[in-house]
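Here the structure is laid out as structure tokens; the discussion comes afterwards.
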């Protein structure tokens, strides 16, 4: 596979880790865009690299996908993320507080490339970039790929609703040992990942006041890329009888993510070719926290994807 | 609760265990319809008891539900179960091979009562009784209540399809300790229960030739009414990577069955009042092995129930 | 049981929660020894209550047992816990930093009563009180009752050693919902409980540098007194092959603790009657973190208890 | 590794599958000692092969180990297995009912080689061969290697005894997919493997009349060499409170067996060099069903091995 790897290598460029925190910085081994480079110069450089990628590979379309590690939790969104003009000003002036995910998405949009955010970090979902996507007529989607435990939760939780079981507690313990796990061993990055991870359950169960949920994600070096999760579900059935369901999931993290990334690229490119733009809400089944959609029930999400596919087919036949 | 129990007691009548095998016979403690009573007399007696039940309680409608223990496996269906005339002949003549579930369903239909088969035993699903239901214009449904592990399977298996995971093995081990479990400790009754238990998975996965499934149901006295099941699911993800999901279910068997029985009674009575008859296919989400419907995906089954409910509502509004 | 409860009630006295932190304070509903009472007065009061308990019930011997909730973690031990004179001085002067567990043990020792510490809080294990026990010739033991998950760990870990399996990771997730769990929901109390919880494993495995362990204890209200734990053990067998063992434990916390407390009382009283004093090292099998003994292997601990019992029997026969 | 494999290949000889049943026969692909060869000729041939193995490899000692698949269950032992003279007569006359394991052990003993039975099949444990081992002064041991689930059971069950927990049910479900598993998919071979598998538990718990145990071993092709077991343990604690422990074991079958086989060879050879003969009872910790020893508690078994090792060391020092 030497030639394939060399070919891939030719397409790799130094990136930026602005606002990604000390842990990601510490783990970054290859060249990084100079820290004294201004955000404006960083964006210009990324944009040039992306365009060159398209040209060198003779491609018609390119889709930018964020599969970087989780950025540290940000308590409130910076004011300049709230509209496009403010964001552009912040980039021009090099205001502190800019984060890598946002700069990449901005650069992709400047190239006119569709963008997919497979991470929980802020990116094309901030108001400034949603505005830019509409203005430039570019499709985008996010955020945080629904690969394992959340997939399971959103596929299984509707069963409890359908049978009128009242879930009292849904406790999820996740462990894995790859690079992403090392990053999540930093409490600030972990907070960004686990915060809001119970949103899906609350949405599906109608946010009952006495529902208890917890999501822990722990770094266990020996597991490498094998994500192992234990979900403990405590629920009441008929006459309040307490019952228990437990799920143990042993999946290979990258092998769960990769096919979703490929499908997202195909679907984002299809949207571009069909002239669609803005949020691709029909892709919500791919995300833990789908931007712009409040549907978390996996079966309702799949129905959206299928009806989109049916509409595409019908148009094609006409 | 003494008065309530006495009231319930007043409604209990001796039943028949014809064709139910030695184990059920051995466990039957109360009075049983005389073994030397002819099938014809048994049917007449059950019919009289059912009618009297309606009259004594001043009821408008009655729904007959079969919640008896599983009858032993029958290799082939007796010829006289294939059409109504043959069945009637067999009952009149007292031909050997008649089974209790069928006699109860026949008696209910003679009363004009809707019938629900919550067990895997033959009953209103045999051709003779399907014919009778249509002729007498009575609604009925079955069979085998989907209370625990099969519910889980049919809710979860579609997730594997949606994500293009190839399930290689789905092994289900069930244990419980109540009276039904004692009956299933007899291999002949067990065969009737577990046979065809993988039909749902095969239907959902499109019957791949290399799919391996197993369902074992074992009697564990100390568990009493607590059904405990372990499901081991071995599947391939991207690039053939083998992954594992395991589910442990600890549910109270009767508390899982009871609310389904109540809902089935309500829905069967609704169908009667709406003038519907024959198989109530829209109730397939309640059954492990829904008669007359090849839909096993729980979400597709729920969609059928919801669209029926929507139609009822719409009619009501008109 | 009204009379029994009334009898028990007559023996209950207000206690102290000095140094137990805000969470324990908040949860304490009955009367508490006045906060403006000096430590000296508190000790006098507890001592009087204990003596009165003995006298009122006409008892020959009394054993004091600490089964209170976990006190918050203390980064370093206060200097005045290091020898008896300093401790006595601190109590007399009412120096800040004294904790309830220590005051109770001190009071018990002043009464001449054997003492057992069933909690992880500092008590008779501090140097000052170990000194006092020797001086006054009183037996005592601790600390932290080995009721569930740690019992399992110390019984199971030696198997990995015996078969030369190299444990890479032992991850333990515990959940429960009783009053002790509410207290452990406070990070400071939780730290005191989980810190050093991997000492047993490290001792059994010979403290290999690459061993990864984690113990989490989480509050899940719906579980009430049912402690549920998941242990994930990742180990290497022959030729480095990675294998996995998982254990799920569903035990009733109080029902696990109660019989150990009873046995400890009997054994402490036996030691008193036999004229033994100081640390009862032969009781190490009862404790997560046995004071003064570095034996954690449950089977080695049991051997110590059995050889003590054998010696007692032999003496009796003589 | 081509040369190593070729070297190993040079040492492989056709074997016999007499009395091993249809399933083993069906799976046997290489050359087999002619079915029309008499048992006497088979023994002579195996003996010649074993001696030649020693000579060709210039070895001082050779240990014969049976790691073949499980032979079908035999309801009663043939009369000619009861003493050496009868066995020799049966071999000479070619009486039907002889089984491969016995012929191999007999041939090894004729060569004067120590023998280890790592399978549940009859071999050196039959009275005839125990007699022969004593007569010829050869050490031997068996039977059925304690690799996974039984290891776990015998290491864990004593914990329940030590804490006075009353085990009501211990249900073990095993799955794997290698060649041995294919053989166990035949009910007759399975019976030979699972029969008596609860002997260890009954011995440890003192055979309480209400103990319920079950061991199932099922063939699941996709698992290949990965043995996966679920143990469900239902027990009563203080005041009869029912509690549950579950263990899930995911081990690589061959990687669990191989190091035990190596150690057994070393220890059998040590015994030979030390002039020991007859049953090596001190090796009982290696076997599910140790011949001639009624000790099943793994910790008591380990103590036997350790005291043997200590005695060896002491002798060496003298």
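Letters A, B, C and D mark the chains as written, and numbering starts fresh at 1 in each.
Going forward, contacts are C-beta pairs under 8 Å (C-beta built on N, C-alpha and C of every residue); 3 or more make two chains touch, one makes a residue touch a chain.
In this text, all values refer to a predicted model and were calculated from it rather than measured experimentally.
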Roughly how many whole angstrom separate the Cα centroids of chain C and chain D? 44
Distance between chain A and chain D based on Cα centroids, please, to the nearest Å. 53
Flagged in chain C as touching 2+ other chains are 246, 248
Please classify the inter-chain touch graph. Allowed labels: line, ring, star, complete, other. ring
Dump the list of chain pairs that touch, please. A-B, A-C, B-D, C-D
For the complex, give me every residue of chain A touching chain B. 151-152, 155-156, 158-159, 162-164, 237-239, 241, 243-252, 255-256, 258-259, 285, 298-299, 302
Over in the complex, which chain C residues touch chain A? Could you list them? 168-169, 171, 173, 175, 212, 214, 216, 218, 220-223, 228, 230, 232, 234, 242, 246, 248
